[in-house]
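Below is the structure I would like to discuss, written out as structure tokens.
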Amino acid sequence: MLLRLRQGLAPHELGTVLDEAERQGATTRFLDEGRTLLELTADGRASGFRPGARAAFEDLWAVASVLDASDAPELFATVVPGEAGEVAAKDARFGGGDLSIVAGPCAVEDRASLLEIARQVADAGATLLRGGAYKPRTSPHAFQGLGRDGLALLDEARAVTGLGIVTEVLDPRDVEAVGAVADVFQIGARSMANSALLTEVGRYSAEHGTPVLVKRGIAATVREFCLAAEYVLNEGTSRVVLCERGIRGFDRVTRNLLDLGAVAHLKRATKLPVVVDPSHAAGRADLVAPLAAAGVAAGADGLLIEVHPRPETTHSDGAQALSPAAFADLVRRIETLAPACDRRLVRLARVEA
Amino acid sequence: MLLRLRQGLAPHELGTVLDEAERQGATTRFLDEGRTLLELTADGRASGFRPGARAAFEDLWAVASVLDASDAPELFATVVPGEAGEVAAKDARFGGGDLSIVAGPCAVEDRASLLEIARQVADAGATLLRGGAYKPRTSPHAFQGLGRDGLALLDEARAVTGLGIVTEVLDPRDVEAVGAVADVFQIGARSMANSALLTEVGRYSAEHGTPVLVKRGIAATVREFCLAAEYVLNEGTSRVVLCERGIRGFDRVTRNLLDLGAVAHLKRATKLPVVVDPSHAAGRADLVAPLAAAGVAAGADGLLIEVHPRPETTHSDGAQALSPAAFADLVRRIETLAPACDRRLVRLARVEA
Amino acid sequence: MLLRLRQGLAPHELGTVLDEAERQGATTRFLDEGRTLLELTADGRASGFRPGARAAFEDLWAVASVLDASDAPELFATVVPGEAGEVAAKDARFGGGDLSIVAGPCAVEDRASLLEIARQVADAGATLLRGGAYKPRTSPHAFQGLGRDGLALLDEARAVTGLGIVTEVLDPRDVEAVGAVADVFQIGARSMANSALLTEVGRYSAEHGTPVLVKRGIAATVREFCLAAEYVLNEGTSRVVLCERGIRGFDRVTRNLLDLGAVAHLKRATKLPVVVDPSHAAGRADLVAPLAAAGVAAGADGLLIEVHPRPETTHSDGAQALSPAAFADLVRRIETLAPACDRRLVRLARVEA
Amino acid sequence: MLLRLRQGLAPHELGTVLDEAERQGATTRFLDEGRTLLELTADGRASGFRPGARAAFEDLWAVASVLDASDAPELFATVVPGEAGEVAAKDARFGGGDLSIVAGPCAVEDRASLLEIARQVADAGATLLRGGAYKPRTSPHAFQGLGRDGLALLDEARAVTGLGIVTEVLDPRDVEAVGAVADVFQIGARSMANSALLTEVGRYSAEHGTPVLVKRGIAATVREFCLAAEYVLNEGTSRVVLCERGIRGFDRVTRNLLDLGAVAHLKRATKLPVVVDPSHAAGRADLVAPLAAAGVAAGADGLLIEVHPRPETTHSDGAQALSPAAFADLVRRIETLAPACDRRLVRLARVEA
């Protein structure tokens, strides 16, 4: 590890750094005469520093910055979820060459429409059903989701279709209830920095094995995004899926700015599966298919697609949900594209049979 | 209210809009032949629509956008906390021409240093002490705060100095415990979109009167910021203070980008007090004073300043905390500036006596 | 066209709008009682308003905003460059189902290395050679390019390889000299808003047929980008290619943020070819291939790739140029991908023969 | 200077760095065993490296980054324009404790209104008149300014009022013509990266002494902004004024995001005067005064204010120009504020007499 210390440190300030180094069993060496470049070596351990080593030094006032921490990788950089880095949930598999599609409505609204969409997306090629029972809303006056009633409807949709359920949890007090239904927990973009929630979900995942899909916050750096995953991994689970869903940009042509450079980077910087949500990125139905294809070409291991049973006669720029027919088209397009990107689209077992 | 509907709506889709209008007791009129511009008038009520009216229409698929909702103001636009729009907490008063300074360390670290800083900032001119017992951290490996022990130390610091306490709550399950100590709840930037937390804090504030200082999220629009306040106000309290602390920018010269245009706008768009946190915006001590002054000149009703008892001999770009001496300089500068900006700096009663 | 006028206009202020409407041969009708929503109809003309109509109204003080200008499309929305929307330059063709790759060094540095790279990229599958003789640099102390000597070297590289030349022009006074060598003018991101340059290049293109590749400015909205193309098109040429090269973001994982949502949108909003520059977007060699693939999947009609004859033993995150071998890999990958995206990779005639 | 070199450099690649060091008369020393941290010392010279030294090393492939160049400051960091860092133009003085106000219309539209505004802003307290004869416009169909006729009108306005003239130059071919009229050249935000223009204007300034006001580009980093000034300074003039006018943000509450952290930083990192344009930042008249005051409090040495002779009965959020009466209010407010910020508002000599 290479640290840049502040200039003109008092002895006791420098001492905090050297003490921490000793606690971590590291030897230290100054590289420059000004004694601001400090090299730390984790002698005793072949594998280098512990995952928390970087944060321990960053926490010290005397440390201006950690210039190089490549020998102190955090969990997100080293944890491998499955044998080939895959995370499975019911019939879905993300990673290790497998590509799965999650589809469904934004929110669970009523039984009839949920079951209708669930059947449609299952037939078209999804393996997981998404749908919010708890909805994070900008305004307290807006619809906040059906809560536990919504969870029960999702449970029923799973029984009927065989799809696994991906659903969001917003409150640490709801983790047990959501976990009883979810095949995959979703941590929404607004909750990415909610450490109490991440910790609670991580604990549940460590105990029950339920995977956790973490969406990138609307203006989170890639490192902040990875460290949100770190909160979950730190509880002892390895079953984390990262989801890029677009970040805040200055242009209104799309709702958010899909950052596929981050996807390509994450596929190199972590062994966790990475999925893309082109629906929230685009914010308009006509751009969902090209952005889904672009996500797969950039390396994504899965897609989250918003589908709504609207009559196809309604053409609107503003709506980001695909009709079932447009979703089926998208699946066919991805099925053609996947092999050219060295990936294989996973289908529901019952459909493949 | 003026709505723009989607084009080519089916009759039942249009029906959802007309039904909602009826529920709200509004009369409707199409302005154009294409029937996409719909004007709603809240006949029966002199004061126009309820605060939730806008969100109710925005929730409808058939509504492309709400073009004008000036007759359906949300609570943040109309609630007046005190007689002159002020919010008081112990000796501090924000708004109505009064300006108060909150100062203290980032995190509560230990008893001795907390009491030392508390005394120093009280002497220099702060009326409230800030300090985190629960710290939101990017990495789970970083120091997460002293928790309940930290709250007890804050309690002691108040008893000793007479300063009120501003401290952050991160988890809805901690609201009672934090409320027992805090004179002002702080909702941090990372929690701005945590609706479960905002609601819980709002309930506590409605019952006990504790003010809630809501920090703007790192990439929140001004409207999203106001609607976070709306979650708190919606529980029946009026004691909300808005805090601009810088948003994410692309330049590294400052840690965040202080958005004083938002401050000036909020002073016109709400009657809630607005405070500025130049420490987190600047991320470096040498820019805290000019940004604090700029905040006051832009209309801020208060300042949050990070202070740490470092020896003044340590000069560092990277550190955002002021030394006690630099903080005392800043208070003198603000005291000179305030009258030129038609405001009055509030002091601790015991100091003024 | 639908205008929103300012409230409380004086009669002579309203008059400026009605006069302009008359000049444009339009009939006017107010939609609301407040007389702020003004509908304009271009009666006499089947095709609606002239391309400049929107700007003429936007220029007026009395007009708060143009709400709908769909009957007054600008040139960028209607101009179709070739029969199928393609732009050809030597053997390259962008658009109409054809995909071409432009490759080469950032700057022309010396004869030997330029000819070496030119041969390598021609062999690997490029049809156009990129290389700057005039370099836009952030610092005046940095290398500014070889100027006319660089142009002569590009001329020689074309003669030797059969590749067409894409090169940047920075100064309106250099348009003739650059035009004498360039098969395609490049307008760099820093020049996107340089209207004097855009106009001069547009004039040259209208006279000589040389295509103009316009790169998106680092923080240009999609509309501003299209209006930069409008300056060129307005001089009477139709041979414009739009290039997305990443916009400024807040994260340092990639140099810029590749906006493929904008690419997908532009393929719907214009009939001009759209190309992607993943090298400047990524800023690191290891992400160029996945972002190039993503660009094609999103709809791009071409790619700009930076190639430099570095030994492959040099591994570096920071370098965005591909080695010739890595470039050849990328071309093979795109060749596999293109048919799955309904496109065909164009090759040099001599190589195909 | 401290360089970080790429890892695994070939001998000839390392040679390019050592050769450049020799050319600059520097001694070199590797700090680490991996030979990636290279320290350079400019032995022979007390003042360290030349202004171009940093760029010379940054240009080399073998250099991954320049970690520390504090002994190789560029001109923008060292040039002191006047005795106390001030730049004067007619009666105006920016810097050295003096604060001047530039006011006027966005564009020169006609003789009568220009002379009217000029008289009004002169009476109210401006010392310089701003107004564009050449206007940079997003659309080629929008009004591009009166050109040479506009310059003649500005010349007349100066003769009548005694105000100096600040006007924009867009094209290097117009520098002579604009220079014949301008007391201060304005380089607009869209031209900040136009090196041909900056160089031409720098030459003119070096010869004739005309100051150059450089506006920050809409998404320019502070370093890019300073290096735009460097292009001008590099031609031999010292009379450069930096102007912060807001950068592109994601919120629509203000037109741009005024970055006063950058202003406070620039006052420390350069000795050049810094002015603020709150009109373009706010984009709405009601926020111009608070942002102007905030700019002065943050350290600005001057203000650019857009004024337009509209009847005060026109109330509009969208309009950024102040009425003459609102401008006179703003001047009074700044006059009160300036002494509290250790600055003095400069007035026209004839008015002071």
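Some notes on this structure:
Order as written gives the chain letters A, B, C and D; numbering starts at 1 within each chain.
We take it that a residue touches a chain if its C-beta (ideal position, glycine included) is under 8 Å from a C-beta of that chain, and two chains touch if they have at least 3 such contacts.
This is a predicted model, so every value here is computed, not measured.
Between the interfaces C-D and B-C, more contacting C-beta pairs are found at C-D. When every chain is reduced to the mean of its CA atoms, the largest separation from chain D belongs to A. Measuring from the averaged C-alpha position of chain B to that of chain C gives a distance of 43 Å. Computed centre separation for the pair chain B/chain D is 33 angstrom, with centres defined by C-alpha atoms. Chain C and chain D, compared by their mean Cα positions, are separated by 29 Å.
In chain B, the residues that reach two or more other chains under the touch definition are 219, 223, 247-250.
Put simply, chain B touches chain D in their complex at residues 219, 221-223, 246-247, 249-254, 257-265, 267-268, 281-282, 286-287, 290-291, 293-299, 336-337, 339-341.
Chain C meets chain D in the complex at residues 6-10, 13, 51-52, 54-56, 58-59, 61, 64-65, 74, 136-144, 170-173, 190-191, 193-196, 198-199, 218-219, 223-224, 227, 230-231, 234, 247-248, 308, 310-311, 313-316, 318-319.
Residue ranges of chain D in contact with chain A, taken from their complex: 31-32, 37, 39, 248-250.
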